[in-house]
Amino acid sequence: MTEFLDYSDPQQRPRFTGLATFFRLPYVEDFEASPPDIGLIGVPYDGGVTNRPGPRHGPREVRNQSSLIRRVNQATGAAPFAAATVSDIGDAWVKRPFDLTAAHAEIEDFYARVHAAGIRPLTCGGDHSVTLPILRAIAKDGPLGMIHIDAHCDTGDDYLGSRFHHGAPFKIAVDEGLLDPAKVVQIGIRGTLFAPEMWAFSYASGMRVMKIEEVEERGWRACIEEAVGIVGSAPAYVSFDIDSLDPAFAPGTGTPEAGGLTMREAQGMVRALAALDIRGADMVEVSPPYDVGGITALNGATIMFELLCAMTGGRSA
Amino acid sequence: MTEFLDYSDPQQRPRFTGLATFFRLPYVEDFEASPPDIGLIGVPYDGGVTNRPGPRHGPREVRNQSSLIRRVNQATGAAPFAAATVSDIGDAWVKRPFDLTAAHAEIEDFYARVHAAGIRPLTCGGDHSVTLPILRAIAKDGPLGMIHIDAHCDTGDDYLGSRFHHGAPFKIAVDEGLLDPAKVVQIGIRGTLFAPEMWAFSYASGMRVMKIEEVEERGWRACIEEAVGIVGSAPAYVSFDIDSLDPAFAPGTGTPEAGGLTMREAQGMVRALAALDIRGADMVEVSPPYDVGGITALNGATIMFELLCAMTGGRSA
Amino acid sequence: MTEFLDYSDPQQRPRFTGLATFFRLPYVEDFEASPPDIGLIGVPYDGGVTNRPGPRHGPREVRNQSSLIRRVNQATGAAPFAAATVSDIGDAWVKRPFDLTAAHAEIEDFYARVHAAGIRPLTCGGDHSVTLPILRAIAKDGPLGMIHIDAHCDTGDDYLGSRFHHGAPFKIAVDEGLLDPAKVVQIGIRGTLFAPEMWAFSYASGMRVMKIEEVEERGWRACIEEAVGIVGSAPAYVSFDIDSLDPAFAPGTGTPEAGGLTMREAQGMVRALAALDIRGADMVEVSPPYDVGGITALNGATIMFELLCAMTGGRSA
Amino acid sequence: MTEFLDYSDPQQRPRFTGLATFFRLPYVEDFEASPPDIGLIGVPYDGGVTNRPGPRHGPREVRNQSSLIRRVNQATGAAPFAAATVSDIGDAWVKRPFDLTAAHAEIEDFYARVHAAGIRPLTCGGDHSVTLPILRAIAKDGPLGMIHIDAHCDTGDDYLGSRFHHGAPFKIAVDEGLLDPAKVVQIGIRGTLFAPEMWAFSYASGMRVMKIEEVEERGWRACIEEAVGIVGSAPAYVSFDIDSLDPAFAPGTGTPEAGGLTMREAQGMVRALAALDIRGADMVEVSPPYDVGGITALNGATIMFELLCAMTGGRSA
Amino acid sequence: MTEFLDYSDPQQRPRFTGLATFFRLPYVEDFEASPPDIGLIGVPYDGGVTNRPGPRHGPREVRNQSSLIRRVNQATGAAPFAAATVSDIGDAWVKRPFDLTAAHAEIEDFYARVHAAGIRPLTCGGDHSVTLPILRAIAKDGPLGMIHIDAHCDTGDDYLGSRFHHGAPFKIAVDEGLLDPAKVVQIGIRGTLFAPEMWAFSYASGMRVMKIEEVEERGWRACIEEAVGIVGSAPAYVSFDIDSLDPAFAPGTGTPEAGGLTMREAQGMVRALAALDIRGADMVEVSPPYDVGGITALNGATIMFELLCAMTGGRSA
Amino acid sequence: MTEFLDYSDPQQRPRFTGLATFFRLPYVEDFEASPPDIGLIGVPYDGGVTNRPGPRHGPREVRNQSSLIRRVNQATGAAPFAAATVSDIGDAWVKRPFDLTAAHAEIEDFYARVHAAGIRPLTCGGDHSVTLPILRAIAKDGPLGMIHIDAHCDTGDDYLGSRFHHGAPFKIAVDEGLLDPAKVVQIGIRGTLFAPEMWAFSYASGMRVMKIEEVEERGWRACIEEAVGIVGSAPAYVSFDIDSLDPAFAPGTGTPEAGGLTMREAQGMVRALAALDIRGADMVEVSPPYDVGGITALNGATIMFELLCAMTGGRSA
């Protein structure tokens, strides 16, 4: 058998050793000096949550659990760290957390620097409101398509006196021309509504909404194939809200909804995205104070690895 | 987008505010003065458990988690609070908890008052023994059909010196003429038995027992369609034991059995019950001391909401 | 023995039954119609926290654990529910939580109504920033003295872009003339500082700061006697931050500091405050997501009961 | 250094191996054949609790944690397993748990057999109601004195329709002539009362009640010395309720009361009881479902070891 | 109904009573005196783990949860305790845990005694490295076939300076002639790899590897039927690593991998093994410190019961 | 008020942001290039534990919780980061964890490099066995004095086939001339013993053993003053085992002993060590899998900060 252990590589050391960077990758705060192809970024911010807080602690704990992930995707052979340069480029942390609009501006500034450096971002939230400033930074050249896996459409409107909370980013993103709703697919939608028209914007704007019942009936494979076809060759963003998973798989989140995706379904769907032209992606809403046994953070780290494989086209080298 | 927020309605306030009534509905202890169509009732009693205790704390914690539920069922469009008047009418609490027979009599008295007021009860247990006094109160005019979703048939006999524990209610209910066994379907049955004949009464009396293996092989949809056909147009009761769910979805219960229902299966089956003439329903055996991350209580609250939709015929208004 | 059980009184029912109001007292949202002497109020707001979030969930869980409290203080004989009319008058909840200043204004409005109705407020936070709007509402007629039991002086200045976070309320309160610093005593102060001058305002303004080491050396009794003497007969406020307790007694809080008060010390000190003219009081920073076994919430409820005894002068009837 | 490891002795094997008997002692269900001096007994019964249940699981978990205890008391040199024969003689389990009176009769029968065999019992509860049938079995020849360490006097009367719940055993025991109230000392009493006269029986009957405030002021040593003097040379029973400890030390119990004993105080006091003529002892109310990190069960096991040292007069061999 | 309760049988007593042996069976340390057909054995050893430790505590907690299991398999009618004599024959505990090779030799010695006594072993780990010494003891007469249900092939090579850790046992077992790789089937394999060739030995040696994706696509029934066909009538071993389950079903393990088996799939597959000639079996890697709500240990106990049914050919008597 | 926030300093950023180094200090793996005065080192190794495992995860979690610590010790004014250069110099991780002797050799090599670079080490364990290789590396020039705060003397002998487990380091260290037993003080000793002579080496060699009862009777101040006098001006090591704390303060450890130190006592004693000539120090045995609410790790981080203050003589700059 080939000797593959190289102790100078932190990824091959015992998994509980060393600092917890994402996947035990090099940590490069000064990313502009030597920009990687893909930058892993934490956004420790949850000022936009409407219910249980905690995603501010998501990046640290997802980094911690990501030490359990190795180098090669056994299901597909994908080897993202060989296929691209990937670094942990630190946190887009916020100096003015008490002001939602100002906080979003700070996050946008960080991603504008990332985008200018030619780095594709893969983000660990934070609450879902942070996707909006990310899109503002990376969709400057024109609207993106999007695969959005979530329990909620997040195309709501004013709530609790703000347009910018975690239930609203995608309506605003369409309004601002950051997303092309005809190329947006929302998968895993379920739960109860304040009113029937709560997610009306999704339907009215032309997004394709696949509720969990559709996933159950047609199977995840048929759904994601249709979704990939809708996005096609357009430049695309992928946003994965951990609350798309059933609470049994993701208790550690702020707005859990019964009856969600299993991890096998979620992994299968993310793997299918390797066909897309992904310009950025995120995994959000892991809330460690509500997690049990670390499984939500582990599942979040696993989804980030699958997203990384997809962003590198599923290539093995 | 329509403005739907009305802060005078507690259901539309931030979900962690205010007292935890079921679904943040009005709390009406004096229900006879102005009876709602459906009354939500807690039975904080677990004197009938044979193993791990705790369901006495179920109503409080299910009420707490039910704040996460909104007004409209996204899967079906059902809007139960618009389709009927629904109130939290308080707890059928027990003054003499140390005497199982006396406790059941107190519970029966409460439900007799509810029934006399023309209110259909939707109950949150408490252990499963409480279904017996509920049936005694509401099946006075003739036996009911029943959909019973559970890991256990609960048609046992004397155990630990009592006929009235949480493993026995349905044999007694048949003996007393409260249930018509030809119109009773038990779904999700599994686990180990003390002896092969442990649930013999179910089979001998003509109940239709669908073990979990049958649900897996035929699919939940075929099973529940058959079940609905069996009950037909008879007046019916629905009893949902949270231990019908797999322990991954419901760790917080006293007699967990490996290999149970998923929430998607459970929700799908309860939705199909909208075709029945439901005279009362319950969700029992949530044991908060054994819960993790509140997921059992959240799933219990979700099942109660689905039961409410079914009790209002799935109507959207 | 006297028969003392009266089941019409929710306080004498089994403790896990019924809705969880503070101490199972009557719940009176429309408090102006029939104002009690003392109103128990939840402030489910934590928009001012700088570290771990969660106190928004404090009022619900403290209400829940407060069911364990009975009617008479065995240590002192105080019977606060006999000595005064006391009600749970609901939550000062916030419609615009994403804007710290606006949120404080909403809270102030609520307390202004309470104050105008002649009700003395006893508050359950929420984070410590909420004490500021409470003081604005009730100290309109002149500055108050204050007993402040806490790990932190909370007299900081701008931090993370805001003056109004949970580490700052008392500097602002002095600046606005709501507190008389010569009659303010801060007890239990400890932990590390960003800079030596972090709490300089406390010292410079004339507050009496008793660090935990002083409590340990002199004993809690000597400390609180001096403190009571400093406040004297001035109208006073009492603010109890649960993080004054050692993390062994209060793990469920956002800014824990090792080496704090025991509950016996804390209870002893609060009992000594019966000599003061207390115009309002609060117990803040219970963060249920970080609690274990409910002990922080139980200790918080116990402190609220002791504060209630002190607010009624320790009277037994 | 002397070689002391003898692997044929389960107490000297790795502590996580083998069956969990109390202190990894021999397990002897048929105790009458070869009676030990002292028998360790579990009473897995909690049918008498008035609030949070769970002590039925106490014996198993205390047995489990007791594996951490070794052979010699370092503070005193006591070596109870050398000073007396001690066995785990199993559980006084109950066949009719749904009937409190019948359950107590079963427990009494078990202890009558133990007493007849000349075995002094050291019990692990179970709820505190079980002390009553124990006393009935072992105090047949005349009333005993008692050291009772607890948060509650447990001398209440009818509550929730029963005389025999866990808040009442000692009034009944006096009524039945099992205890001599002039030789009963209750230590650690605190918390709130339903009514001022709730524990009136203790005072009226001549028991010496030492509230927690007295322990704090005089110190545990002075208190226990007085207590030992009161009991004197009378045959005595020792009952230790784990809720005498502060909730920080014993979260895993059903009726926690803030502001209790530390383990150092509790251990010091139990050690002082070696001067008494102890005929039996118990440690009750450990409720594993509410425990965190096993500390309550570990403290319970430690108290049982200290009781064992006291029952063998603190002898080293 | 037949009276089936016999209180002299610990399996029919209340489930929280008595010592926790496996399935509350007789405990027979001196198994050679009267050897049962099948011996249940704990191996409280985890010196071979490469990541999160804890399986040393597995046997105790699995024994504890196994009290929830009764006598008859409701899905199949199998009654293993009637079909064979089965005892808990104690722990193969280790005197020299700090030396992996020596520890394995001690374990092998224990199993050699078991094998010599004609007892078929059903083991509860401990980490997966313990399967190697078990195979050394029972495969002396020639290589065995094996059904291996796991997230990992465990056919690795040197890692962290040792050949004998929990990721390597099966390569060594083939090298030593204990397993016939042509009759080995590995099911449930998934997760990430350090290098593509990490499990190359499995493929090169001729084992049949069924990754989780294959189980999902073909269904568990087709997979296990093929697997049973591959092993055929050869003498066989069954090794079930609890991390084959999805972390939602088994959080309490040291190397969790997202996207695993459900319990229904696992139970179905184990039931199909009744057709094999099983010479021994194990269930390993339950790590109680990482478990939540005891569900991993309960699922582990359930798998052991299913293995027992398979080892007795699914016979009902 | 002085503006003290400098966002370029990670210590002044929001505490949940960025990588978790010790105290958010610079992370310098290549410490020889620019050696700090004091190096903070993790030793993620627990191969020497005899009971519950887990300290291998200690360094990561203590680093995580250490973000709550700021720059200045409020009790003393000490400002260790101003008084000396301090860096996180990474982990002394082990390549051959399955071989205790080899692992110790690797750790010794790491510390030899640290010592050669002129860096004083402050270590976060890991289990207590790691202190032995540290002493081997830094006591080469002659034996050290030692303040040892612990529940256990750790001067045992062979146990479970090894001399080098976590209960033995200090006997070996004396045997090897690394410690001068006449200048060793052991504080906080308590619990039960396998045999009276278990810690005989401590007494025989001339160490000063202060049991917990002595600390309670004389007070921590008198004890530590005597201890400081015994060590005097000799070069000294400080070893703090987290199990010296009572389990209420440190549930997250492998060998908890009831009745231990409070954090106030522990902090007071460590502060008194500023008078010593400290050549190195450690805080060991934090086991995160057994922690609750992070309090053990937080207390461990706090003790490390106090040790750092002591190592810099309590200087404020």
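Here the chain labels run A, B, C, D, E and F in written order, and each chain numbers its own residues starting at 1.
By our rule, a contact is a pair of C-beta atoms (placed from the backbone, for glycine too) under 8 Å apart; a residue touches a chain by one contact, two chains touch by 3 or more.
Just so it is clear, the structure is predicted and the values come from calculations on it, not from any experiment.
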item: Chains in simultaneous contact with subunit A and subunit D; value: B, C, E, F
item: For subunit E placed onto subunit F, the superposition rotation in degrees, Cα atoms, nearest 5; value: 180
item: Centroid-based (C-alpha) most distant chain relative to subunit D; value: A
item: Interface copy of B-E among A-B, E-F or A-C, judged by whether over half of the contact pairs recur; value: A-B
item: Distance between the centres, which are taken as Cα means, of subunit E and subunit A, whole angstrom; value: 37
item: Rounded Å distance, subunit C centre to subunit E centre (Cα mean); value: 55
item: Separation of subunit B from subunit C, taking each centre as the mean of its C-alpha atoms, in whole Å; value: 40
item: Per-residue multi-chain contacts in subunit B, two or more chains; value: 14, 16, 52, 56-57, 95, 97, 160, 246, 248, 290, 292
item: Which pairs of chains touch, using the document's own definition; value: A-B, A-C, A-E, A-F, B-C, B-D, B-E, C-D, C-F, D-E, D-F, E-F
item: List of subunit C residues in touch with subunit A within their complex; value: 46-48, 50, 52-54, 56-57, 94-100, 102, 160-162, 164-165, 289-290
item: Complex contacts: residues of subunit C adjacent to subunit F; value: 50-52, 156-160, 189-198, 200-201, 211-213, 216, 246-248, 251-252, 255-256, 258-260, 290-292
item: Complex contacts: residues of subunit A adjacent to subunit E; value: 1-5, 11-12, 14-16, 68-75, 77, 79, 246, 248-249, 262-264, 267-268, 292-295, 298-299, 302, 305, 316
item: List of subunit A residues in touch with subunit F within their complex; value: 7, 13-14, 16-21, 27, 42, 44, 56-57, 59-60, 63-64, 90-91, 93-95, 97
